[in-house]
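Worksheet for the structure shown next.
Letters A, B, C, D, E and F mark the chains as written, and numbering starts fresh at 1 in each.
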Amino acid sequence: MSIDRKIVTKNAYRITKIRNKTALRVRVPGGHLEAKYFQIIQEVAEKFGDGTVHLTTRQGFECPGIDFDRIPEINKMIRPLIESLGLDVDYGDGGYPAAGTRNISACIGNRVCPYANDDTTRIANSLEKAVYPHDFHFKIAVTGCPNDCIKAHMQDFGIICLTEPQYESKRCITCEACVDNCKKKVTGALSVKDYNIERDIEKCIGCGECILKCPAGAWTRSEEKYYRMVIMGRTGKKNPRLAMPFIKWATEEEITQIIKNTYGFVERYIDTSLPKEHIGYIVDRMGYQVFKMKVCRKGGLYHARNFFTGRSTGCAH
Amino acid sequence: MGYALTKQQLNEYLKALGRQYLLVGPIREKAKGTFSDTDKIVYGVFEAFEDLVLEEKAFYSPKEFLMPIRETLFHFLDGQIVEPKIDTKPILIFARPCDLNGIRRLDTIFLKNGDIKDSYYERRRNLVKYVMIECTEGFDTCFCVSMGSGTYKDYEAAIRFDGNQTLLDVVDSTLVTEGLSQVIRKDFVPEYIKENKVKVVIPPIDKVNNSIFEHPIWKEYTRRCIACGRCNTSCITCSCFTMQDVEMSDDGLLGERRRVWASCHIKGYTDMAGGHGFRKQNGERMRFKTMHKINDYHKRFGENMCVGCGRCDDVCPEYISFSKCINKLSEIIKEESHE
Amino acid sequence: MNNPYMPRPYTLISTQKETEIDTTFVFEAKDRFIGGQFMQLSIPGVGEAPISISDFDEDSLTMTIRKVGRVTDRLFAMKPGETLHMRGPYGNGFKQEWFRDHDMVVIAGGTGLAPVKNTIDAFVSNPESIKSLQMIVGFKSPKDVLFKQTLNQWQEKVPMIITVDQGDDTWPNEVGLIPSHIKNLDLTNVANKTVIVVGPPMMMKFTTLELLRLGFAEENIWVSFERKMSCGIGKCGHCKIDETYVCLEGPVFNYTKAKTLLD
Amino acid sequence: MSIDRKIVTKNAYRITKIRNKTALRVRVPGGHLEAKYFQIIQEVAEKFGDGTVHLTTRQGFECPGIDFDRIPEINKMIRPLIESLGLDVDYGDGGYPAAGTRNISACIGNRVCPYANDDTTRIANSLEKAVYPHDFHFKIAVTGCPNDCIKAHMQDFGIICLTEPQYESKRCITCEACVDNCKKKVTGALSVKDYNIERDIEKCIGCGECILKCPAGAWTRSEEKYYRMVIMGRTGKKNPRLAMPFIKWATEEEITQIIKNTYGFVERYIDTSLPKEHIGYIVDRMGYQVFKMKVCRKGGLYHARNFFTGRSTGCAH
Amino acid sequence: MGYALTKQQLNEYLKALGRQYLLVGPIREKAKGTFSDTDKIVYGVFEAFEDLVLEEKAFYSPKEFLMPIRETLFHFLDGQIVEPKIDTKPILIFARPCDLNGIRRLDTIFLKNGDIKDSYYERRRNLVKYVMIECTEGFDTCFCVSMGSGTYKDYEAAIRFDGNQTLLDVVDSTLVTEGLSQVIRKDFVPEYIKENKVKVVIPPIDKVNNSIFEHPIWKEYTRRCIACGRCNTSCITCSCFTMQDVEMSDDGLLGERRRVWASCHIKGYTDMAGGHGFRKQNGERMRFKTMHKINDYHKRFGENMCVGCGRCDDVCPEYISFSKCINKLSEIIKEESHE
Amino acid sequence: MNNPYMPRPYTLISTQKETEIDTTFVFEAKDRFIGGQFMQLSIPGVGEAPISISDFDEDSLTMTIRKVGRVTDRLFAMKPGETLHMRGPYGNGFKQEWFRDHDMVVIAGGTGLAPVKNTIDAFVSNPESIKSLQMIVGFKSPKDVLFKQTLNQWQEKVPMIITVDQGDDTWPNEVGLIPSHIKNLDLTNVANKTVIVVGPPMMMKFTTLELLRLGFAEENIWVSFERKMSCGIGKCGHCKIDETYVCLEGPVFNYTKAKTLLD
């Protein structure tokens, strides 16, 4: 058995515990797909694999127990699925590029979830277009609201969809449902003053729960959609950590630009002596300030409002 | 007087009416729905036919044009108490029979309950005229037929939007604009809905007694109802309100008193100064509302308060159906009567 | 606009501290009242509160008020000569004709004594209007006793049980909850005696139960309800119980009606 | 439309953004299933739903766009899948209990992944048996190694499978592959002394990477399998946080007992006035020491070795 | 002398041999595999037939019984230098022809390279005898036939495990135990594998010149090889070692010198005191090993070092195939010769 | 057991500091050596290190050693009279007969001078054994110069270029890398001149290239290789280059062989 491990793993197949057996991994950007493609996964698993499928935490399918030499056949078979997912980046029947930047995952988002502030799958797909194919070890996830079901706080880039609640006092009946809920479930950003609701914009995390709770339509959604980006969260053996706030009330364009700029940053600063240096460690090594300057300057973001101060002090806003 | 209007004529007519009246009807508020990327259908001011949304039921009723969610009763200025003025432009509300019947219930409460008329309601009521939108199909949750509120005769005008043609029956002569003289005259008698998908049976008033208060059905609603009050705020007939006084300057000399909608489902509705309150259980609140809508009001005024618009069903986040509740109650009372 | 919500100014004449938290306020007033009716006390920018009328005459209106909220807080800060606003009176009140020639029992608990004070005064001042009068008045503790002077005056003229839930060394009267004292009343011809019961909800509930147990007739029992009220004129809905609006048909109800009013 | 929302959502169907439409949620404990059941999911999605499926981050399928009144039919249709997943807890054709305690998720584990120290799916299934059905809001996940692909650090109970590396100096060639790797990728728990490798047991996180890296079989796996449990991690609007270490080098029996004891703890201390108080907030409210005492005393775990000191000091080991 | 043994007789025979010899063969170490819940097949001491694993190839070769991974050369005690003693019980290694041929390569390096024999190797070598396990099928990655190492004649005994019957050819009379006299005599000539699935073509020695050093093929291995050294440690013919001196007491009076396996793939293999080293690129190391196994050694000793056991293929975490590498090289050299 | 790894004790007679990091050690020794051979210096519990023999006579063995690791660290701490261990000699060395009657050029860089010192001494002491001798000796800087006294003695007798890569104010000799000085040698009949080149790998590489460029013949160039060695006797594999074991067939190679030894 001879395979080029690096090529194989880059092409969506993994090294498994069992010698000479691989597993097909199909990433599903944003986690949403047409049910008709289930047939293909099933067929791959049953015809080439061990008849089982694992649903990965990054929202992919993994079909284990596959012989390496069946890869070309499988690549042909999964082509319609790959195309439908928009993953086909000039690979033809050669599968599709994987590894490196991980599947951009997303909670179910506002196609289904009442809490979601945006169509997370759409955003995941659009970020996919912006960053793939790429070898750098990045993890990106999009979550529809600060409840963060996708665990954006454990990603290099966690994107949290926000709305900026709009209050119309003349529709408010001061039932305080929004206030109570915000205190209980959110950050306590709301308070009552003279029967009106006051929103502390420093505390408000843009989850939109107040809108959901309002029985009279006093709270509505902002026309613009906003995003909070948290960065450099990670699991891992070395030092798992929660992502830190980076920018709040950003636009989709801005977050996309920051991520794209980060690829440039990595390209410049990555330590190639290491097998695949993870962006988090590069930022640790270079320092947060350098990172921030580099990724924000390009595209004119450096002077953007709404940046968090970050881990060190004295950072320009 | 009947007319058949083309789309263009309709919009010209609406334009002409708009000079005289504030036109109010069901319109779409883009992306203003509770959930992201959803719209909200509400009653609002419109200009052209295209603004109207007829294929979906409005989330809220048109009642806020008669009793605003918040209405200032007085302005206070250093001892002076001043009634605020309101826009006196007449309002023309385009609404279906159920809502028009609902507004009649509001009239009853505000103008006929007790000896004293509610002057704030009255002054707005006097500004409003109604164009009845013909409604023969209803929506999935409507049960106006069961409530006898699918018909309405006291309209100032009635209108049927029928593909490219709009039929109009004008009763109030002030609604006969000059432009209408150019329009084909055509007799139009609006039709009414004959059957809803949802039917309710109202328990006979004489069969309802206090024993129903103890029935476990209300416990079920204690478990299910979250007391959010959407059924009240969306209801065309809910008329409760609470006073709010606000001091607007630090010295307390400037202030206002207003009334805002109240909801018998929402906490605090019965709480007195000192803290004592009644109906702590959400099921008790459901019972209170239910009895009010189909029993208490009827005892007082000879007809049911509920007009079967079904909005409470549409808006309940817990998918509690008021029509189902009525029918369950009927069944229970029927069974108890037989025992 | 004939605005029923428009409050009218009333001048505070005097105040009389009753307990730590209750004070009796006397206002200049020429209106006609019935004992048991209520006024909407109305402080611009602060709010309104329904307050029972405890006493009145041609020139004045007396209300004994507990300090329990924004409106009463403001009221308690007022000094004689200052003006505040009110609208009313609202409600039916205790109509004297209901009790003419009756064997009367008045049972009042705590602040419940206020709405019935004027009625008792009328009984005491015009003993001829009724057949007899006996009373039970109860408070939580000696320091909660209202109208001490008046009680003393009444006590001289009328059989009267004054009780506190919890006494102390100095308390000269009875101890124990009101219902436990009912059996100590003169209960001869009990079925024809008429009772007025006013007090907190729980006190009214157990008192009426005890009265019925002891043989009082439902139609001879009168109670007064306290409810949240925003308008006082049958619009706002808060005080509604079943088909009944307390502000319109109450707050005083015969027990035959009251027993059907379930929350 | 009238449904009993609480019953419906407890029965694996959710309230969606679209009025009168629900979504079927099938949780897959441990994330691994037989491919043949893909057919059922596909059929549900296409026949009753909108033809799409979302792969959830907790490893379930979600089929949106379903009418509530089709639930009984769907329950009948998914029965074989439910049974095969071991989810059928006396519900018959009534679907299966969901919500409350969330799907016990797991990385792909040692059925496939070379890094995994145990069969995470098996553990997830066995925990499922131990705790389901349960209404309390718990999140449990099992990850095969401290790399934590499943993001155990964002769960109420994160279980990290460990092995205790066994060093046989007579097989060691002092190539230092283990040392270099541990320094670079793990915690630097290994050092060379006199050509032997020394393992700092305080630093060692039991990932087993040294075993993987050793070309001469000097490092092997311990006979016993061990688990590290991290607790009270969470995402969410209020205050997302990384899970804290709770017990290390524990046995499967011990971690199971701790979780079971925690259900007892919640039963006793939950604030029922709140809609569904999350275990993390109960622990916050009661204090870590109380929690630890309560969940460890039962089953004799209180004096167990290897507890971490926790967030406050002075805690008995 | 040939024998046909039943299973029971075989185990009795092994028991008898075990009294005389340490029996070494391929055995299973339960759950000691690199990956969790996997076993590792290694050469180790066994007692009964059931201990032997014949259906899988051992991860490591039996060479460690001739050259331990770590072998103490000296103990030092306050100026004294002491050779450690070793267990002098003879060892009987059960192994296949490839490995036995491999051991012959070890003999060559340790006993015939240069004028000086390696005494440590020699003393162990002298303790070892071989029972050749007949091997006619091989495993997926074997290419012994191409290397001419599928046959081996110098065994002390040969054995065929054939279902319930075991055939034995005993050459060395010390292996004829008393018990064997009870066993059916049956002539047994072991067969040898005729064809592997994998075939390699060795480039002719006279065609290989230094130009191959520059070929891009090695760059490919620089990209692929991670220099872990598993191909060396698992190889039956890799014999390199490095010295390690250890002071075992703080005063430095107690210590030892040992040699441990070295790997030409692993960093430091060529590093001199002062830091200079050679072959920094992993591809250069691959080249060095490849040339050693199929060219350099051959030039020196007239046969290839590699015996085609295929373990290097089995153990490479990057799935680099040595047989493929040889064949690629052959192709390259063939092409270059034609040019 | 006839153990080739067994080291033997040698007594340190004297030391001579050459530079900051190089010292010449003289040991009592009766063995027979060839210049260019090496010994395995062996300190029990510390390790072994292959060290070139720089000089010897019937009773002694001299090695000039740089302090670069564990073993040499220990060695540098030793005092005359103390004993250490060695095994060897190993390797072929510069066999005098290879050079008999040749026009000799010796080019040595840095510590590369040590393995060739004995050979030069032999040339200098027995000028009749060869036709001629000229030398280039190079060091990094003046402070790295080894065998200063010896160099002076040689310089008196032999044409010799002493150069440093980087000089200073006091440096009286040449400056520049060794290859740049080769052209300054007497290059008459260059094709028949024989050269010994010893030094660091890069120096050897560029020196031989320059020599060939100037017309020296491959077969007349001799070099000495330095490699990692663990055994010195052809077992451990470290010093192997292609089919050649430096410890056995080297460390001294004729360039015709050396050029094929690619790492």
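Convention: contacts are C-beta pairs under 8 Å (C-beta built on N, C-alpha and C of every residue); 3 or more make two chains touch, one makes a residue touch a chain.
Since this is a predicted model, take the numbers as computed values, not measurements.
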item	value
Distance in touch steps, counted as few as possible, from chain A out to chain F	2
Partition of the remaining chains by touching, absent chain B: A, D, E, F | C
item	value
Mutual neighbours - chains that touch chain C and chain D alike	B
Interface numbering overlap (same over half, different under half) for chain A and chain D	same
Chain located farthest away, centre of chain E as origin (C-alpha)	C
Intercentroid distance (Cα basis), chain D paired with chain A, Å	21
Chain E and chain F, separation of their C-alpha mean positions in angstrom	38
Between chain D and chain F, centroid-to-centroid distance (C-alpha), Å	66
Inter-chain centre distance, chain B versus chain F - centres from mean C-alpha coordinates, in Å	108
Chain B, residues touching no fewer than two other chains	35-36, 244, 246-248, 262
Touching two or more other chains - residue numbers and ranges from chain D	15, 17, 110, 114, 116
Junction residues of chain C, two or more chains touched	none
Chain pairs that touch, as defined at the top of this document	A-B, A-D, A-E, B-C, B-D, D-E, E-F
Chain E-touching residues of chain D, taken from the complex the two chains share	110, 114, 116-119, 161, 163, 169-175, 177, 194-195, 208, 211-218, 220-221, 223, 225
Chain F contact footprint on chain E (complex, rising order)	73-74, 76, 81, 83, 109-110, 113-114, 116-121, 123, 210, 213, 239-248, 252, 254-257, 259, 262, 264, 269-279, 284, 288, 291-292, 295-297, 299-300
Chain F to chain E touching residues, read off their complex	1-7, 43-49, 66, 68-69, 71-72, 85, 200-201, 226-228, 230-231, 233-238, 240, 242-243, 245, 247-248, 260, 262-263
Interfacial residue positions of chain A with respect to chain D in the complex	14-18, 23, 28, 31-36, 38-39, 41-42, 45-46, 49, 51-57, 59-64, 105, 107-108, 110-114, 116, 121, 145-154, 184-187, 205, 207, 209, 235-238, 240-242, 274
Parts of chain B lying in touch with chain D, wherever the complex brings them together	35-36, 38, 140-141, 223-224, 313-314, 317-321, 323-324
